[in-house]
Structure formats: C-alpha cells, structure tokens
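Note that subunit A is present in both complexes that follow, paired respectively with subunit B and with subunit C.
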Partner chain A sequence: MPKSMSVVREAIAGDEADDAMAERAAAGQVAAGRKVLPIVEGVVLVAALLAPLVLQDYLTVFATRVIILALFALSFDLVWGYAGIMSFGQALFFGSAGYGVALLARDLDITNIFLVLPAGTLIGLTFALLLGGFLLLGRHPSSVIFVSLGTLTGSYAADRLARGWYYLGGQNGIPSIAPMTVGSYEFSEGPPFYYLVLGILVVVYLLCRFLVRSQFGLALAGLRENEQRIAFFGYKAQHLKAIIFAIGGAVAGLAGSLYAFHEGFVWPNMVGVVVSTQVVLYVLFGGSGTLIGAVIGAIIVEGVSFWLSDNYRDIWPIILGVLLLLVILFRPLGLISFVLGERERVGSFGAKPKEKRNAP
Partner chain B sequence: MANAFVAAFEILSFGAIIVLIVLGLGIIASMMGIFNFAQGEFVLLGAYITYLAYAKGMPIWAGMVAAPFVVGALGFVLEALIIRRFYAAPIVAMLGTYALGLIIRESVRGLIGGFYLTVPEPIGGSIDIGAMHISAWRFTIIVITLLVMAGCYLLLSRTSFGLRVRATLENPALARASGISTPLIYGATFAFGAALAGLAGALIVPVFSLFADLGLRFLIQGFVAVMVGGVGSFIGPVAGAGVIGTLSAALPWVMAPVVADVLVFVLAIVFIKFRPQGLIAGKGV
Partner chain C sequence: MLLEAAGIKKVFGKLTALDGAALTVGENEFHGLIGPNGSGKSTLMKCIAGAEVPTQGKVSFINTDITAFTPTERARAGMSLKFQITSVLPTLTLYDNILLALQAQSSLLDLVLSRTRRLLHDQVMTMLTQFRLADRAFDAAAALSHGQQQWLEIAMALAGKPKLLLLDEPTGGMSLEERRVTGELLQPIKQHCSLVIVEHDLDFIRDICDRLTVLDQGKVLASGTVSEIQANKAVQEIYLRRA
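Then we have the complex of A and B:
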C-alpha cells in the first residue's frame, strides 16, 4: 500500500474524529460532572490498598508481583499509548536494570533501597537513551516498522547475550539476590513489600498523569494521531519521541529493579522477547492511551492467568491468544473503553483556560 | 583444505535454510506491506505436518509434499477472515499476526507437549567427495532452495499472475480500476507466502527436530534479513537472507559464538539505520 494514500486516509480519519469529538465536547458540557476516569482510578486504588487485608500470604506475594508488572505496563503505555512508538523491546530496560541491581547486590553488597532503586532507574534510562537515541534520532525520521523491529531485535540480542555470558550467570541467571534494606530492616516478601511497591506505583502514576496532561502530553498525543501535522507545527517530533522513550525506559528500569529484589533472582527471559510481548498484551487488554488501562490490563491478565493456570495450564495461552485477537479486532481501545468514553480518554490538557469559551 | 570445505558447506547450507524461511516472509512483506509475526508458526505447522505423516507411518516425503498445500490453504482462510482487516495499519497487523502466531504455537505445544521430536531424513547418508563427507539431506535442501527461488522469480516476473501481483503492489487503486481483483491477489499472495513457510518447515524438521518454539527461533532473524535486503522487491529479502544466513553461520568459526550471535544483529540494525532502503532498493521483482 503506498504511503501517501494511508497518510491521507489517516488525515481524513483524523478530521472525522475531530468533528465527532467537537460534537461530543459540546454534548459533554451539558452532561458535565459525569467523569468515569477518577472513579475507576479510585476503585482500583482502594481495592489495591485493601487487598493484603483479605488475601492470604501467598496471594499477597503474587499481588506484589502484579503491582510491579503494572508499573512496567505503565512504562510501555507511555511509549505506545501516548507517543505511538511501538516498543517491542521494553523488557530490555526492565531486565537490564534487574541484572544491574542483581550485580550490585552480588558483587558490591549494595542493597540499600535508596541506592539500588535510583541505580535501576538510571540503568533503564541510560539504555533507553542509547537505544532510543540511535533508533529514533537522525537525519531521516525512522519508520514505525524500523523502530518496532529494532527494539524487538535489541531485546532478542540482549537475551542471547545474557544466556551466553558467564559473568551474568548464563542460562541460570543470578540466583538468591540479597533482600533490599533500609538501615538494618530487610524487605522480604509480604505486606510491607506490597505497600512499598504500591506506594511507588501511586507516585509514578501521579507523575505520569501530570506529564500526559501537560502541554508536553498534548504534543505527544498529537504525535500519535498524526506525526506530520505535529512536525508542521514546528515541534521537533523526533526529540519528543526520544524523551518519552527515555522516560519509559526509566520507569521500566525502576520496575525491573523492584522485580529482581522481589523474586530474588534474575534470568535471561527477563530481558527477552517473551516479557517484551507480555507487557504489550497487558496494555492492549486494558486499553492503551489511558494510564489506568495499563494497570487494569496487568491485573486482569496476570490474575486470570494465575487463576486459570491451576486447572487449565495447557490451554490458557491459547485462550489468551484468542482474547487478544478479539480485542485487537473489535475493541482496539481495550477493555477500559467499555466504561470510558472517547472524550474522556483523550482528556483535557494543560492549564484550564481563564476565559470561558463561547459555546457554539 | 578438507576442513575449509566442510566449513564452507555448513555455512552454505545454513544460508540456504535462512533463505528458504525468509522467502515467504519477504514476499508477504514486500508485496503486501505486512510483517507477519505468524510466519514462524507457519514454519512450525509445516514441520508438524511432516512429523504427523511420519508418526502415522506414511512416507516422510508425502508429509513434505502435503505441508505447503495445507499451510497455504490455512493462510488463505486466515487472510480472508482476519489479516484483511489490518492492511491500513501495519503496527496493528504485527499485533494481530502475533496473536495468531500465539494461538497456533500454543495449540501445537498442546499437541506435542514440551518434547523435541525427531524426524529422520528422507534421504539419509552422506555424499563422499574424496575424503570429505557432506550430509546428503543438507545438500538436497540447498538444491531445493535454489529451485524454489528460481520458481518464485519466474512466477513473479514471467507469468500473468506475477504481473497482477506486482501491479497490485505498485498501485492498488489503478490495479482495481484495470479489473484486477486485488482482494483475491492479496489472498493468493498471503497463501503463497504461507505455503513457502510450510515447505521450509517440512524440509528443516529433520535437521532441527520438532519443538514448539522452532519457528520463533527463525522469526527475528527473518525480519532482520528482510529489512537488510530491502522491503518492496522479491530479490531484496532473498539477498538479505543470504547475507544474514552466511554471516550468522560464518562468524562463530572466527570468534566466540555469543559475541557472533549479538554482533550479527548489531551490524544489521546499524546497516538498516544508515541505509533504510536496504541492500536492493526499489519495487518489483
């Protein structure tokens, strides 16, 4: 299919969407006060806060893992849901940060939480800057296909490297990492670790929420909808992309270092294609382009997978594939779009205008 | 001398296998603009059908002949039901075909379990040239790859079907206006690409044995080869596959395999970054 045609088609589709949005915006002013998003966010937060009180111990450990993966999903949602960069290699940042903190703990005996978490975040940020800078910047803008296959290849190559490198433990990875510490207190699996992770998730979520609702977020959303238009407006589209890619990498790195300490070991799959595609699944299921969608997607996919894998271990991946296909075909905006309208998904940006706009 | 010859043969036969796998991937990517993540699973299906024929006591070659037809038919059906909806959006196509691949792979895993199942070579033994022995089956694969390559080239460049395919690639609107049924052409092209993957799977299963992640192993190598060669033509991906296949078989002879493995990918990505049109630019055959 010639590129020019699809661009025109997108532009037309964009115009139609704009018109439809304007209509809905007008309708929205009438039915103001019916905001679903804060309700969904509140419900998820309350459920997450109460979960350890009702869950058994082994389920709290599982829930901690899910919260960490939700943080990871958030990083992919920033990159794909908001900036439209298909990163099939998000696990590269997740896993390399995991390996990094595992090495810190193994070789240098550094387990202080105030050192290892920033270190993991920094590792994710650095790798994302390097890979993103290489793939996204340059004289000619890179095609979406090149970026998605480039990140996929990067993740695959890292997997092979981790498998073959003796220093990183080869196939077995790095086992029995010492627990994270604050002073003399050790974070082991259980409610304290859960609330630590939940606190981090809430803070990062709020930061991301601020980011995507700012002027920067508006430019990102424009990038996703129509990159050419944004470039014509004078934005440096490639720079914006590289910045959000690096931020996504940093969040993934934070999640990866938490994951390494929670599980107590790291292994090559953590940087590989399997985990990379898993995070894509979370976000597609939940609904890309809404931060809460990524969190809900991670919770649902992991939760159902945990529940089904007891009884239907063999057919669960097949069911997952079928569900994914159905979502892609019929619900491209994910499960969240059942309760969330288009207007609220796109949201409002920047500071509220001082003057009231004239109603049409 | 003898060692060098054996090494050269190993490199050549691995290169041929990669070319065989990339052929279908390249045709679908070039002619339809879709990077088919399920291609590896089509390879896996071809291998599975061959194994099935062997397990049921039929001659192995019967399975090998049936594989491309069965997989091709499946490809045609999938195109009509699902792939057709993805043409406008290449990224969605990747995700959709990934989901399809996941379904196929896990179904096969459910059928064979986590085992490595071996299928004997239909042409066993070795060819002796003086003191050197080379595997007869690997030699057969090289010959078949050359034949299939030539066949595809002639099909696309010399027949009226090939002309229609190329017309649909260059200008779908004009092709439709000229009375070419583009949906049918897309369906047939996708089925053809799937059939080639099925054939590849059938031929390589005696070499690699059958396991559920068989296709996944080649998928990323295949994508990189297509990008290096250049999307848009038939020759491009084949050339890319030759380069990638030869490099990844040759480099481990001169350096540590781990480094060689990663180096091939790094080199390929850097090459594509600075030459996005690939080795052979341009559309057509």
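Then we have the complex of A and C:
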C-alpha cells in the first residue's frame, strides 16, 4: 500500500532533477533566513482585497466564483497534498452541500447565512464521514487505487442519481435559488458577496494553516510519506485519514453551499466527475502540499480559462490542456515550486531551535 | 518470558517459508536470529511484528496473545521495529522524524493543539545526541549517509520506549567503523529493552547477543547461548561453514 502510493506519487511528481533545480533556486532565500511563503500569501491576499476596486462588475462576479473554487481547492489539498489520500470524488461533498442548501432554500425558505452555511458544511462533513468510513476505516490500510476508484465511483453515482431524481430537478438541477440573507439583507452578486467569500476563505485558510503546521500536521506528513511506517509507531493511521478526509469534506461542503447561492442554481455536474477532476487540476497546477498553491492554482486555471475562452473561442480547451500538461510534466510540484524550495514546502514542526543555525 | 512465538507456520502459495518455527526472548535479552538465506528469518520477524499474519501458530507478548494484533496495536503494546529497508521520512528533518515517532501516542487533541511539542523537545534532542546526530537535527533526513539513516531509524524505533525492538539487518550496507558504532549505540538500551536482531554479520551478532536462534528451512535448528551455538555441530555444518 505505501508502495502503490509512492508509485502514484512518483508518477505525478515525476522528475526529481526539477525539484533539485527549484531547491537551488530557493536556496538563496533560505540561506538568508528569508521565508518565501508568507510573502506569497501576503501578495495574493493584497491582490484579492484590491481586485473588486479595479475589476468591472461582471469580473467581480467571476472573481467571486474563483474565490469559492479556491476554497474548494483547499479541501482537496488537505486530503491529497497533506495526507496523500487521492480523492477523485471531492465534488460529491461540494455538490451534495450545494443541493442540500438549494433544497433548504426552495422547500423550507431557509436562506439565513448562519443556518445555510453550517448546514452545507455539515452535509459535506457527513458525506465524507460516510464515504471515508467505508473506504478508509478497514482493519488494514486501503490502497490508493481503491480509495481513488471508490471516491470516483461515489461522485459518478451521485451525478447519475441527481440526473435521474425528479425531486432534485433531474438534468436541469434546481434553478433560481433565493439569495442568501442576513436579516433582511440579501447577498446578491457583486462586491459584498465577494468580500464575504474572501473573508471566509481567509478564515478557513488560517485554520487549515494552523492544522497542517501543528503536530497533527506532522502526523499527516508521516501518513503521506509512509503510512505503514507510522502505523508501526503506534499511530492509528486509518483514523487520521478518516479525520482529515472528513475535514476536507466539510470545507468542500462550505464551498459548495456558497457556490449554490452565488450561481443561483445547482445542477448534476456539481457533484460529478468533471468538477472532481477540476479541483485535482487546480491543486496539481498550483502546487499540492502548500495551501497557497491550491489557491493560486484555482485562480490561475480559472483565470486563464476565462481569458482563453474569450480570445480563442474554438481552440481554448486545447491550449488549456497543453498548458496543464506542461506544468504537470515539467513542474510536478506546481507553479509554486518556482519560488518555493523543498525544505520550506515540507516545513518543520518541532519547537523552534533557540539559536539560528547557518548551513555550512 | 517477554516474547514467545511457538509453532509458527507461514505458507505463501506453494512455498512453506516457516514450518513450526519458534522464538523465545526474555526481558533485557539481546537475541540473534540467524540462518542461511531463505531460512525464514525475515518472515518470522514479520510474523512477530505484524507485517505478516502466520498461517498457524501463536505469538505471545507480555502474556498476551497478539497473533491477530495490527501493527498499531503491537506498537501500543510495547513492540517496535526497524525495517530491513531504511524507511526514515526523507523530506522531514531529523528532528521531525524523531518527534513523529515520539508523539505517536499523544491524543488527537494534543496533536491538533501541539500541546506536547515543548514537552518532547528535550527528549528529541537527547535521542539525537545519543545517536550522534544532534548537529544535523535540522537537516532533511535524505541528506544523511546510509549508516546515519539506519541510526536515525533505530532512534525512531526506540522513541516510544518499547519493551522489545525488532531489528532487521541493522548493519546492512554499513562500513566496519559504522558497524562498531552501531554496536556501541545498541548496548545501553539493554537496561530497558530486549532486542531481536536478524543479521548476516556473524561477528556483530556474536559481540552483541546473549542468545541465538538458528533457523534452517523454516524450522529451528538450534537455540541457546552464543557459546552453545558455536559449539553445536549441526549449526557448524549447515550454517557456519556454508557462510
């Protein structure tokens, strides 16, 4: 199982020479004691804060969607980038939460933000617990192939179910969802919705950052690198996996409920394989195993698609596909690896050394 | 007895790797497991460690039948092992490798809130010092020499204060000097821990072990003190000369 895991990782991670190159590139900053990650995070945050001021209204709407997808990307990054669980069905949690809140709004007239967002999060969490419990909690560790096919199947089955179920609107999904509300205020598309979503992204990002840098994060790193080894230390490896999978599901659920209200409708694709794959691409493109990489990946993949589809109406999917392939082939650790060295990407978890050490 | 494995049979398809093998280890005993290639040493280690489930037979550890325990349950009962293939976590620092091993039994809440991080700091540094790795504490484990990686892994295996440590070829690929140091590093742990060692280097085994068990074709050929085994005619014929 760890073996098959490493095969998959290597297939995705590919060339080590590239890592070495990135490491050399980043060695300068590390030697000088500078940290690259906080700078990148700061730049992205400032850019995101300023975006609605410079963007036209229709672009702010687009940017809101992208921020929601970045939140969704975080959920996959936690699961794959940090814990090494290949979830090809992350849209199941995203979409089922979307459907869930859409039903709340349609059938029960519940649109209060303090009810619908927790409800969506809970739906994502519950589905992830159910699926994760089934796929990950065997007495013996489950293989990467089993988990990836299991999640893929879950997502595919949910898609088919949604298409066939009249109550869920069938092929058409659920249209014209009422806006999210706080008291009498309605969140419609535009800057307020944008800043709401950005605020949520920042909070979730910080929580995730706290988590992956904690001792729990160290256990996740062990899980990702060699699951069997850490079981022999006495870790309940399967429990750890189920927990992080459930957290990922909750984050995906939160993103899905925001998405449903922002778009105003939900449709079967939202739980299906296409969206599940999309989030994998965001994270691989930006750089798995770094939270900011997932965010950057979502922004750039969506941004480039948007621009390409405007300018190369017919062939843009081909250009996008080639771009994605190039990055995955030549920068297996994602775009973030241009500026971020291996040492800082993995990070260190122990109590900080008292005096600064300089590498010889 | 600390560890008692009896009547262990392990069949892989048509191959019988173990055919009624047994192993008994007392407290604070260093026990060598030797035998020609293919005699079943590693398989017996795996059955004891929980990496393989024996087809037949029983493994008891501190008076508990652990035959069906998972590796996690064995670790929590006080058993630890170092794999034959080094499996330190290469991208993590040495410090984090040890911390990872030390914090294995912290509660989930402690891990999430990093509540044992400060508490374990001194232990991490003590272990690194003990295994002569303290000056590399914040290097990635991948940067270590092969021998140093083996030491790091032994340190990690000892982190949970096990009652029994299983070492599969601890000196594989080491220089003579590194072997000598490994022997020195292992001596002090005898005060609180027993050891089962599978090892091809017979000099190393003789120097460090109290008792030996010799396996041949999946069966125990002989078991006893080092001098008893050295005097054993059958062992000399089947194993020592051939080696």
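Convention: the second predicted complex is superposed on the first by the 318 of 360 C-alpha atoms of A that agree within 3 Å, B and C clash if a C-alpha of one lies under 4 Å from a C-alpha of the other, contacts with A are read in each partner's own complex, and residues count from 1 in each chain.
Rule of thumb we're sticking to: contacts are C-beta pairs under 8 Å (C-beta built on N, C-alpha and C of every residue); 3 or more make two chains touch, one makes a residue touch a chain.
Keep in mind the model is a prediction, meaning the values are calculated, not measured.
Peer 1: So in the superposed three-chain picture, is A:Ala221 touching just subunit B, just subunit C, both, or none of them (first/second/both/neither)?
Peer 2: Once the two structures are laid over each other on A, A:Ala221 reaches subunit C alone.
Peer 1: Check the residue A:Leu324 against both partner chains and state whether it touches subunit B (first), subunit C (second), both, or neither.
Peer 2: In the superposition, A:Leu324 contacts subunit B only.
Peer 1: What is the contact status of A:Met86 with respect to subunit B (first) and subunit C (second): first, second, both, or neither?
Peer 2: Touch status of A:Met86: first partner only.
Peer 1: Counting residues of subunit A in contact, which comes out ahead: subunit B or subunit C?
Peer 2: Touching more of subunit A: B.
Peer 1: Between subunit B (first) and subunit C (second), which, if any, makes contact with A:Phe306: first, second, both or neither?
Peer 2: After superposition on chain A, A:Phe306 lies in contact with neither partner.
Peer 1: Applying the touch criterion given at the start, work out whether A:Phe265 contacts subunit B, subunit C, both or neither, answering first, second, both or neither.
Peer 2: A:Phe265: touches no partner chain.
Peer 1: Would you sort A:His140 into first (subunit B), second (subunit C), both or neither based on which partner it touches?
Peer 2: In the superposition, A:His140 touches subunit B and subunit C alike.
Peer 1: For subunit A, which residues lie in the overlap of the subunit B contacts and the subunit C contacts?
Peer 2: Common to the two interfaces on subunit A: residues 140.
Peer 1: Which subunit A residues qualify as touching subunit B in the complex?
Peer 2: Residue list for subunit A touching subunit B: 1-2, 5-6, 9, 86, 134-135, 138, 140, 142-146, 148-150, 152-154, 156-157, 160-161, 163-165, 273, 277, 280, 284, 314-315, 317-318, 320-322, 324-325, 328-329, 332.
Peer 1: Name, in rising order, each residue of subunit A that touches subunit C in their complex.
Peer 2: Interface residues on subunit A, with respect to subunit C: 139-140, 211, 214-216, 218-219, 221-222, 225-226, 228-237, 243, 342-343, 346, 348-351, 353, 357, 359.
Peer 1: Taking the touch rule as given, give the residues of subunit B at its contact with subunit A in the complex, in rising order.
Peer 2: Touch list, subunit B to subunit A: 33, 35, 82, 85, 87-88, 90-92, 94-96, 98-100, 102-103, 106-107, 109-110, 171-173, 216, 220, 223-224, 227, 231, 256-258, 261-262, 265-266, 268-269, 272-273, 276.
Peer 1: So in the complex, the part of subunit C that touches subunit A is made up of which residues?
Peer 2: Touching subunit A from subunit C are residues 49-51, 70-72, 74-76, 80-81, 83, 87, 89-93, 95-96, 99-101, 103-106, 108, 110-118, 121, 124, 137-140, 156, 159-160.
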